[in-house]
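One chain, chain A, appears in both complexes that follow, with chain B as partner in the first and chain C in the second.
Then we have the complex of A and B:
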């Protein structure tokens, strides 16, 4: 028996986590080349796809995407690559978020600690948690969000209400609205609305139809998140100067000052809160990826030796070692390039998958 | 069994976490002031002065013990590393809330210095940056008697927890960065000078930058007027001269708003409105309550003249600390040409200043 609020948690999680996975940087790099117009297209696009896919999935209560495909008789030779590709996309989402956050931790929280330790620490938690049963991942998500989001929301508010925010700079940014939309920005913005995809697995625990009435809040909060993601760094660092930051949003929180709030430099409070959000984001993505992969892998034979080495652990260890490899053999610029490419590939892939499934089922029903 | 083994393994992993990244607080030297000057040695590029606080067990006035470390080097990073090699504790820039640029430095391009300051993760973006006259060293050396914590005088002056006056225009590092990077606004830094009395420092005047170096210095009256108009700094007092007497208005609110009117290409003008609400504080003649209207008119006349003179001075020197240019850019959609247009427009622009003064009362006595 699962309440639909968990579905909305999943959507909000992605909205919060976009700051970590290069979305602000891509948008701000494009600020003269059609970021804003791309954002305006991405908002209805992202919202519409999530609405329709959720509607579609809630016709099959208690079933994940693998079960749904089996039920509607989707061709077997297509099922495996389809699910494999989604799993791959979702694993790499986790890897990228983890890479970025390791970088942030190393740079801002504790520069004296080795990357290896940060990476191991994060992996230990993430691998353990993404092997949890699906309900437990949701409980974990709820706890993290309830603990962190009120304070994060307060800081967002504080960032917007700041006197030092420069409104002429933000207005100047909005005068670029007539530019031709840029594809990179479109892909980056739709990431903010992509939380609905998690339902391909989490629908297994939603035994009832998801209540779509609160979706109206998703629209408003989504628009708010997209706008703050783009405009807040511009307001703080100026339209001309904002392009030079690696993590514009995270650096922008360093411009917020709460004089009598225990810690004057809000930046650190914000980072500590974001550890939770970034890691639970990775956990959710890896959990979805893992469950999808497990659904297409053949049944495991009973082993005598190495009983603890189950196939979910093997999958996760492979993914973890890919992460470790990138972490140690690639520099920041390459990681950013990877992130950019991932965002570029993600959007068309995801939308083709979703549309293909919906269209197939729709035609079959006719 | 599986779980215990996992727990055990993770505990083993903890053993590898050698020496923690954190250093104890008593092994740290807190930098409370960072000064950059022109070196005496001409082969070097910078002279860096760090004010290092010596913590004391009791906080008492006059117990503001500190160490000054100076080093000259080819680059800022080297200078800091050289200082590190001379002190016994780890330097911590987390509390470096005041950054002082000596007169020599602001006369050069301050681009590289600014980039270094922004690049360092441990330097707060909400640090106050100021121009120190004649040099940062001279100001950091001062030991005001009322200071209870080393370096605190500047923090109190700029933080608006202590003194509040329109003569001081606090500028955060990120604001300075924004103004320096933006086309269409000139950066302004407050100037801190050593007072006649050797123990004190005072904020007097301001420096306006153009093309990343000093271009115009404001006297303390001009700076005060600018601060009052730009920031709405409300704790200011203005002396109004009449034929044979004077009176002083202490302002409750002061607001400068402007509109750029270039509808007529031949004679573009800036509509500058000043709104002041205040009380009479001092006069050398008995002023009667019935003649407020007359005093209002007198004050308006004087404000209009003074503001116009200040604006024309800015125009003559080709600086734009109010950011008219940014406003112009923000209001125009021809993003490729607007800046050029403005640069042609600004030298011949006219200012139409309209003041609106309302004297509300005469304070405690009639």
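Then we have the complex of A and C:
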């Protein structure tokens, strides 16, 4: 009953949401130290892992990772840390995205409003929406993507067609292709392809095998996305100048104009749309994290007082207060360092988890 | 048997009290007698004369007369006294012979008859609306939906008003689980309230949460819409005495569609639908966007436009959100006034309010010119939403968006729009998701 298109939405959402904040900055910082070669390795690596893990999960239609682990008899003492770790990774992915977009909002859109105030506004929405039932999260995701993506695609096209784009600088960047690949860039680029992990929960509503034929488009779009995220800022700011910016992508879009519209500066449209995409991304991350955590927590006892304070709300409130704490006590540089470290840790963790599960089941089957 | 007749008479006398319009009529002829009990204000007395009294004297033989009665179309078997009483209260007639009891339903229903659709009008579609009389309604629906699988069932609502309720659906197309759900729900609530008189009131009882904003059942007066919805497998509920029916389950798109869309050429229909979504978008976001942009981010606009807005606001002494709220409230008052006023005064109110007030308010420097344009655009585009309930709900949502954008600027606007979509997605209408894309494809499966 559930269409596989939702799976591709998830992959696509993750690509879209991550090409403006941490990933381009890490890639651009490494532009002389092997970013491009790392990208070349990361693209097949990321695609392959997502392909195999999806294939693996679609052998268990209608089951999420917790159910799958139970079915194949994965050792219990390993299940809890494994699921807990995945949930933690996903919660922190949401927190980092939220931190970045609060910062962007404060800096580019609403400098008059306090950061905490913006944070609260986002949190109210995200905490409420990540408690929605799993199918509903997907419906919401579909609506947001279908509304936003055409406009974002138009703006991308406008960015690429712009006369101000400097092709010589982009050519210069591509001469660094033979450098030794950098680990940071590898980790950052694979993050763009990591949307498949969401299937650990969303597989619960995919009752049929996921149709893997459209995956070929993911390959092309993925390559296009990785190349755009790296080259467009270089084209706008020059190979040297691009290192000066905190958010090279967002500043780059401010170079684009629509001469005949109500809104001349494309940047506002782009940002406002992107905040929608970022929010749904955080909702998806937290939803997955929440469902994973709920699967390892014990059953809730019936309470008389505080009926509204359910288990899922408590988990989300804890996560939300961690986010608020970071927002309050850490400055932007620290947050960025945090993001970098998180990306570094994420890749090996994620791949070890995925490979461990696949190998275990494979050996057991034989 | 004689004894039982006495019992019945006593029962009716004790229950019906001494009202003027309760009749206990006795007919004697050649030593045979029958007794009639009925309420003459709700019975068709001509029919009584025609179908009961005259034949009684013509047939002469009581047994033949009884067989004749049983052949009548409105004949009902006597089961127990309570049922008989109920039937009498609905315009039935109880006929006691010395041997047995018969019931005939000869009700005379005063209704306005079939009228033209006025709430949901179309230009060239069918013009009939539902009427107060359930029989007429079923008649109209059957004439639009010639299928043997069309099922009509009867229920009652309200412990005192005890109005008749008809459940109409197509047995082949309806989703059994949804139908069962609805029937359970009706059984649960049918006597929870004393008086239930309109489809809207019944709808409020049906909704699980006490406080809702968005309608999850559609109220419609159009017969063609009812027929269409039945063919889509929905369940239609009709209450006696109200020219509106309730369609369950209803999703967001149903409220944005007019029957006209189907009667126009394809592209015209699509154009009309997209116009409605544009109207919805404008009426929801414009007030919020005005405040967010003028108060927080005037740089979003082109320089000329930003200066134009600022220039027009130069004489306005208070912040943008007060200006917007002031004008919106005036507009709401005007809308409400023109709905409740008699038709002959209504146009005066709109002229005085709309033209004079708008003009004077700008000249006095209380609101900017652009504000007037925005308020009228919001009002007009709100009226584009074809189903009244949805249009009213969106009227309220507009203020929520306005408040959030006043507090949070353009981000508030985006977040509140996002939250609105998320809220609509989170709703359910009898097990069907309220809002999701590509609904039809899911239905086809």
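Operating definition for what follows: the second predicted complex is superposed on the first by the 364 of 366 C-alpha atoms of A that agree within 3 Å, B and C clash if a C-alpha of one lies under 4 Å from a C-alpha of the other, contacts with A are read in each partner's own complex, and residues count from 1 in each chain.
In the analysis below, contacts are C-beta pairs under 8 Å (C-beta built on N, C-alpha and C of every residue); 3 or more make two chains touch, one makes a residue touch a chain.
All figures in this text were calculated on a predicted structure; none of them were measured in a lab.
Touch criterion not met for A:52: it reaches neither chain B nor chain C. When the shared chain is aligned, chain C comes close enough to touch A:279, but chain B does not. Of the two partner chains, both chain B and chain C are touched by A:117. By the touch criterion stated above, A:265 is placed in contact with chain B and with chain C alike. When the shared chain is aligned, chain C comes close enough to touch A:142, but chain B does not.
Of the two partner chains placed by the overlay, only chain C lies in contact with A:132; chain B stays clear of it. Applying the stated touch rule to the two superposed structures, the overlap between the chain B and chain C interfaces on chain A comprises residues 110, 112-113, 117, 128, 264-265.
Taken together, the chain B residues at the contact with chain A in this complex read 2, 5-6, 10, 13, 16-17, 20-23, 94, 121, 124-126, 159, 161, 172, 174-175, 177-183, 323, 326-327, 329-333, 335. Against chain A, in their complex, chain C makes its touches with residues 296-297, 299-302, 305, 404, 408-412, 414-415, 418-419, 421-422, 425-426, 433, 435-437, 442, 445.
The residues of chain A lying in touch with chain C in their complex are 1, 105, 109-110, 112-113, 117-118, 121-122, 125, 128-129, 132, 135-136, 139-140, 142-144, 146, 262-265, 268, 272, 275-276, 279-280.
For chain A in complex with chain B, the touching residues are 32, 107-108, 110-113, 117, 120, 124, 128, 164, 166, 168-169, 171-172, 175-176, 178, 236-241, 251, 254-257, 259, 264-265, 267, 307-308.
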